[in-house]
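Next come two complexes built around chain A: one with chain B, the other with chain C.
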Partner chain A sequence: MSFIAVFIWSFVLWLVLTAGSKGLLWSPEELAAGLIFSGVIALTTKDIIGEKAARFLNPAKWVGFVIYAIGPLFWGMVKANLDVAYRVITGRIKPGIVRVPVDLENDAQYTILSNSITLTPGTLTIDACPEEKALYVHWINVTEKEPKSSEVIAGSFEKWARRLGR
Partner chain B sequence: MKNDMGLIVKTTARATIPLIGIFGAYVVSHGHLTPGGGFQGGATIAGAGILFLIAFGLGEMKRRYNHHLYSALEGLGGLVFLGAAMLGLGVAFFYNTLWHNGPVFNGQPGTLLSAGYLPIMNLAVGLKVFAGLVSAMVAIAAFRRWDE
Partner chain C sequence: MIEWLIGIFLAIGVIFNLLASIGLLRFPDVYTRIHAATKCTTFGTIFIVLATVTYAIYSYFWVEKDPSWITIGIHSALVVIFLVLTNPVGAHALGRAARKSGILPYGAVIDELEGRL
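Presenting the complex of A and B:
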């Protein structure tokens, strides 16, 4: 299964890269070369991508990612950028590192949540500790020294990460 | 001492290593059409190998890295390059006979299967550069004197 996951993952990138070789579409030789190269890549990296990577082939998940990227994530980034611009101008910062307990199960969920937190300015994930179910986040304006959940830092990101990485 | 990176780096590496690999393959195989070519693409793919080495640590790398295989691949790349160069030896060394009257790789210029022996040579150089750079990095990483 992980072979198929890597194969499709790399073949899609190949299609993106070589689009336009025949009109707006792909010429047969590009498609054949893509199949060969994706096959080689998939053979060599199928042990790396992880056994359960095939769950990301679910189209419902792709829709979820797109909705998450242009909805909550983009909106969160806009808000956080404006907030940081305000803090740059006024100089009202109170930096600190806080431990954020999270309720996630697997690596993909931790990665999605950590990257979302890092992408929104003002917060920066320093370490993810799955064994103690917590993230360590550097926060530009600490309002709560020991948060009980990731709600104050990440808003609805944790809910999304749990759903997308499942 | 912990030899590998944290969970986030590892998970991201899992997802990006295939992408770096296929992008490197794209650069190599389109060396006669777009900027890039054998060395650039090979170095890109070697970047994927080095990312694996850094993200997962030397222990994991040692289990998957086979010195003889990489050595053989590097030699094979050089030999294929030389073989492509010898194809037109009836006229001259490096004579591009595939382009002038060969059965393959003589398509319309601008398509993938054009430019005679250039795609073959790009693939050979890419393979050689990839195998060579990865072997070099593994050899450097495995150097053990500072670990006492």
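Presenting the complex of A and C:
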């Protein structure tokens, strides 16, 4: 199963990278070469990608990722950059490292949430502890020293991460 | 018309990249500097690449039907995806390594990682 997952991912990447060789489409020779190379890559890396990677082949999940990236994540990045601009110009900071309890199940969800937190307003993930279900976050302007949930730090990102990484 | 759009994208990108470098000079310690460097460079570079993609699409449809324009556009768009995926991970690794080697956050009001890493 993980062989199929790696194969499809690397073949899609190959198609995207080589588009436009015959008009706007692909030439047959290129498609054949892509099949061979994707097969080799899938054989060599199928043990690395993990057991349940095939669940990300679900098209409904891709739509979810695109909506998440264009909507909440991009808007969060806009706010983050205006926030950083304000702090660079005025120099008004009140930093600290806080512990944020989160309620997630697997590593993919932790990855999505901590990457989103790093890219959005005034927060930077320092350490993720799946054992104690917590993230340690460097917050540039601490307003709440012991947050009960990730709502103050990340807004709706925890909900999105739980849904997308399932 | 299209020149204005590309110009606006480039201006936003360059301003935020400049802001990241000013942040590197102005902020007091490694963590706040990582804040400035990660967020602003990712955002600024996204807009610079967006300008490239706009230019490539415009050139393909209105100037010259050459597929290499589409290739340029797609390859630039891929840069955005890889940048957004890898940049926060690099920042996380830098921050964790700094905390692990005992650098305290400057002027911290709270430090929950004290004696944990």
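Definition applied: the second predicted complex is superposed on the first by the 165 of 166 C-alpha atoms of A that agree within 3 Å, B and C clash if a C-alpha of one lies under 4 Å from a C-alpha of the other, contacts with A are read in each partner's own complex, and residues count from 1 in each chain.
Everything that follows uses one rule, which is that a residue touches a chain if its C-beta (ideal position, glycine included) is under 8 Å from a C-beta of that chain, and two chains touch if they have at least 3 such contacts.
Keep in mind that this is a model prediction, so the values were computed, not measured.
J.: Superpose on chain A as described above, then tell me if chain B and chain C fit or clash.
T.: Here chain B and chain C can both sit on chain A without a clash.
J.: Thinking of the overlay built on chain A, is A:Leu17 touched by chain B (first), by chain C (second), by both, or by neither?
T.: After superposing on A, A:Leu17 lies in contact with both chain B and chain C.
J.: Once the shared chain is lined up, is A:Ile41 touching chain B (first), chain C (second), both, or neither of them?
T.: first
J.: Is A:Ser27 contacted by the first partner chain B, the second partner chain C, both or neither?
T.: A:Ser27 contacts chain B only, not chain C.
J.: Please work out whether A:Ala108 is in contact with chain B alone, chain C alone, both, or neither, and reply first, second, both or neither.
T.: In the superposition, A:Ala108 touches chain B alone.
J.: Mind checking the angle chain B, chain A, chain C on Cα centres after superposing, to the nearest 10 degrees?
T.: Taking the centre of chain A as apex, the angle works out to 80 degrees.
J.: With the two structures laid over each other on chain A, which partner does A:Gly96 touch: chain B (first), chain C (second), both, or neither?
T.: In the superposition, A:Gly96 touches chain C alone.
J.: Should A:Val84 be classified as contacting the first partner (chain B), the second (chain C), both, or neither?
T.: second
J.: Taking the superposition as given, does A:Ser150 touch the first partner, chain B, the second, chain C, both, or neither?
T.: Neither partner.
J.: Let me test your reading of the model: by the given contact rule, A:Leu124 touches which partner, first (chain B), second (chain C), both or neither?
T.: Once the two structures are laid over each other on A, A:Leu124 reaches chain C alone.
J.: Minimum C-alpha distance between chain B and chain C after superposition, to be given in whole Å.
T.: Minimum over all C-alpha pairs: 7 Å.
J.: Hey, what residues of chain A end up touching chain B and chain C alike?
T.: Looking at chain A, the two contact sets intersect at 17, 21, 114-115, 125, 127.
J.: Quick one: which bits of chain A touch chain C in the complex? Just the residue numbers, please.
T.: Those in contact with chain C are residues 16-17, 19-21, 23-24, 69, 77-78, 80-81, 84-85, 87-88, 91, 93-99, 114-115, 118-119, 122, 124-127, 136, 138, 140, 142, 145.
J.: Spell out the residues on chain A that touch chain B in their complex, using ranges where they run on.
T.: Interface residues on chain A, with respect to chain B: 6, 9-11, 13-14, 17-18, 21, 27, 29-30, 33, 37-38, 40-42, 44-45, 47-50, 53, 107-108, 110-111, 114-115, 125, 127-128, 130.
J.: Taking the touch rule as given, give the residues of chain C at its contact with chain A in the complex, in rising order.
T.: 16, 19, 22-23, 26-29, 31-32, 34-36, 38-40, 42-43, 46, 67-68, 70-71, 74-75, 78, 84-85, 87-89, 91-92, 95-96, 99, 105-113, 116-117
J.: Quick one: in the complex, what on chain B touches chain A?
T.: Touching chain A from chain B are residues 6-8, 10-15, 17-19, 21-23, 25-26, 29-30, 52, 64, 107, 111-113.
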